[in-house]
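Okay, so chain A shows up in both of these, paired with chain B first and chain C after.
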Partner chain A sequence: MTKTDFPPSIRSRPVYGELAYRPGSLHLMVADGEGANALVDLVARAGAEAPGLLARAHIIYMPGPNGTDLSAVVQALGAAQFHRSPSYASAELRLRKVLADARMGLQVYLAGTEGLIGQAQREAMAAGLPHDAVQTEHRGATVRRVQCVHCKGITENVRTDPFVCAHCGLTLFVRDHYSRRLAAFQGVNIDAEDPGKVPPLVERFT
Partner chain B sequence: MSVGAPKIPVTVAEVTEVNDLIKRFRFVRRDGGPMPPFSGGAHVVVEMDDHGTRRMNPYSLMGDPADSTGYCISVRRDEAGRGGSLYMHHHVRPGMQMVLGAPVNLFALDARAREHLLIAGGIGITPFIAQMAQLEALGGRFELHYAARNRALGAYMPALRAAYGDRVHTYFDDERQLIDLPALLAGQPLGTHLYVCGPKGMIGWVRASAEAAGWPRATVHHEEFLAPPVGVPFTVDLAASGKVITVGASQSLLEAIEAAGVEAPYLCRGGACGQCETAVLACDGHIQHNDHWLTDDQKASGTRIMPCVSRFEGRTLVLDR
Partner chain C sequence: MGLTFNTETFRGDFTFHNSPAAIRRFPFPFDRDDYMYSVNMEPHVPGPKGTVFEHNFDVDEHYLSEMRDRALVLAEDPLRCQSLPHMTLAGWDLLELIMESKARDYPDLFELHKNGNRWHWINRPMQIDQSFTFLDETTLPYGPMEYITRQAQGDFTLQDQRDDNLWIEAGMVTTQADWSLDFDIGMGFHEWHAPVPKAHELGVFDRALKFLLKLQHGAPVRRFNWTMTVDPLLDTSPENYPVWGPTRAMITPGNVGSRMHLRVELQTLHRLPRSNAIAFPIRCYLIRFDELVTIPKWGRRLHRVIRDLPVELATYKGFERNRATMVDYLARFDDGAPTSPGWMPDPE
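So, the complex of A and B:
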């Protein structure tokens, strides 16, 4: 299982790279689900730098939205600090604390699904890092975090397009327009002009 | 031609000798009106008529950006240079009429920064004086580390100490005081941005140290104006205007193009901004790329040239100008 290749789209749609070792005073790695394998590959590619990388690494890991849980694999890397959270929401306070205490020289590595990457990147930006100073690599599920432009509610793990907003019940078309501030794609009512004329819900994100 | 806002006709209001090497000049508009607004880090190109030779040198604005009554620059005398700084030192007097380009900022503060770490060497202090005035007015957090050869050449140190207290740290080479860069870079809170302006060696040292310490590229800012180097005269074929020109030993290619009456875009005239980038149509010889603008691949391809600072050695150079 390697990094996900998304088809080219509009500029707004986030693109992801491949995690690579960079010198730093602290290496914060946040991953979910199959993102565990990106961390394993990062350490393997670090070569002679790997022991130093792990000695200054703080890993926060959680199962992916599809249930993939590779905690044992990540823990076996032997990072200075390893923390398993049951969910992103439960990891967020720890993430904020690490960022609040960090100094320049911190490296941030994010791996896994778009919801995890986007939300953790948002926290890094809120702590003062430029968005492009954070390394990202997509692995695993392609389900999306989507904000309804009408009620502003965010629906997690959207699988189909269109989908039904978990908050207001409108049927929403999933766009590639993305907000780094919200860490979410945009969902727009698909039957606004012809109420009730809703195309079939197609499973686009798995 | 300069790209952007119109030029500013000015009168020299004050000339102040700061120390053995540095003079400060203050310019006001000839029509008495306010100067165009600028932000800390901006520079202007000063046009000089040096007894028939046209010189255009960029200098950082060092005044308070909130003061629209005039512009201040400091000029360090360079005996080995092409003559712009010598002209400013020896011939510019209060009351003289001169022309300035509109301000351009290639070294702006990043407003997203939590804190600004400013590192200056010698005359590289000037953009920071404007930036600190701006930060102070807006409540921005900053600290300055300012190195000079000796106390006599530490222009503006006492004034900055008086204004900003222990946020100003000074270092003197002849007292063997060095900025402890590794400790400084390791101690900054997340969200700090780093700015460096000074001699080439210092800029390289600070940028390399920041990279080794894990600072993201987007948080490290630098400004280095290059003076066009002196070299061997060469001829250039300007294909678009159908002229063949000769570039003199102490003339830049851009100056030679302008002297031939051909309009060419420019902003910084120091190899930094990219505005004068010109396509090379044919090249039989070696382009001496002296700019900070083109990538290494572009330089190697020999298809682009920055006429403000770069030169040529060889048989034929044809430009799309």
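So, the complex of A and C:
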């Protein structure tokens, strides 16, 4: 399976590329689920640079929201540092520390689902990393992280459109409007004008 | 100047109304019989006496009631006013711009006295008398942007300029046409405009941004935006959409004249001197359909604009479901006669 191709959308919706080796003093790779394969491909494409890349690589990997766990594959790459985390939340403090310690020449590679990429990218920006030092590649589940514009609660791994807000219980439709600061899409009450008229919850993100 | 302030509400019993004088000076945004997005910007220079363009910041009969409504919104939801840490200087720039403009343009209502950095501000209508030190936040009860925009009609956003883009990084937003500052804060020009239909493809945003990046201090520009709102509700926020959304389903031929409002935003753009940020005041004017049609030219023209508006725009603006009812009502005020160019009412 290769990178996900999303249909064209509005200008706030993130777009993702394909990870490519860039010379650097430290290579921080953060991935979840099928994102593991993007790291494998990155190393394969690095060719003769692969040993040097891995010798200066710090990989943080976690299972995807669909349960895909390729920890063994990622560990087998043989990076200087490998850490398996059970979830993004449990990896966040470690990620922050690595970013805070980073010197000139840090390269960041993010791969996997939008929730992981968006949140890790937000940390990288907060740490003051230049935009072009961060590469992203989408792999695996297309489930979304969505903020309810009404109660402000964030629902992770949204599969259907509309969906029920995990916090306030309103039924929300999922917009493509995306906030990098919140690392979330926007959810808006679907039956606000006609309370009770809720269409069926259709599986749209898998 | 004899300005009397209405006592009125923008919620609950909705007692908001326009005096005959306010109707005549309403900023009707259509200078022709059809409408499409364009880079509609012109210099924000003082306009004819009595118009909403006479002064840099228009103060009208709704001033005190709008400020009361803003205080209510902020008490409910403090996230409507936010400023990222590096935007404080731009907040001071904005405070200076508003205080100097109002003290100059409305000397009987506002006074500003400066002694070095020790400033003394008097806002007579709101009964505020404040001495403070310019650029020292500890001497004001709020941050500078929040302090002054609690005393100024309209929403305000502040855009930092870097990397050839504008970034919306502070704002006081309580009278918005269905967009969320809390969600959009931190976005770039094309990102926060992402939901707008057609305009991206027309190149409107590319050209507008290019123009704004070169905006000069002392040469502000202005433009109009408009939509439709059921009842004179200033706070049509996405946050409260479940509260006000049901009113869109209540429009009937019998009540469309008294409940549907044309909502016009007079937007101005000002380069700020210290921060190099751009201030974007978004001043909202509301007028009931049955007030608006008392100006024959406006009734005729609004009928044609609404009837012929592309469906994408009517859907985006949220009135497609009521369009037929609105058009039927307005048709009664359109005799088919030609309209004169420009937005001004015809002389009586």
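The criterion applied here is as follows: the second predicted complex is superposed on the first by the 203 of 206 C-alpha atoms of A that agree within 3 Å, B and C clash if a C-alpha of one lies under 4 Å from a C-alpha of the other, contacts with A are read in each partner's own complex, and residues count from 1 in each chain.
Convention: a contact is a pair of C-beta atoms (placed from the backbone, for glycine too) under 8 Å apart; a residue touches a chain by one contact, two chains touch by 3 or more.
Here the structure is a predicted model, which is why all the values come from computation and not from measurement.
The superposition on chain A brings chain B alongside chain C with room for both.
In the superposition on chain A, no contact is made by A:84 with either chain B or chain C. Put chain B and chain C next to each other and count what each touches on chain A; the higher total goes to C. By the touch criterion defined above, A:179 reaches chain C but does not reach chain B. Once the two complexes are laid over each other on the shared chain, residue contacts for A:132 go to chain B alone; chain C is not touched. Of the two partner chains, chain B is the only one that A:103 touches; chain C does not reach it.
With chain A as the common frame, chain A serves as the apex of an angle whose CA-centre rays point to chain B and chain C; its value is 60 degrees, to a multiple of 10. The superposed three-chain arrangement places the nearest Cα atoms of chain B and chain C 6 Å from each other. Taken together, the two structures place no residue of chain A in contact with chain B in one case and with chain C in the other. Here chain C touches chain A in the complex through residues 79, 180, 182-187, 190-195, 200, 238-242, 245-246, 248-249, 321, going by the rule given at the top. Contact residues on chain A toward chain B in their complex (touch as defined above): 22-25, 99-100, 102-107, 127-130, 132-133.
Those residues of chain B that touch chain A in the shared complex are 112-114, 185-192, 211-219. Those residues of chain A lying in contact with chain C across their complex are 10-13, 147, 149-150, 152, 170, 175-177, 179-182, 186, 188-189, 192-195.
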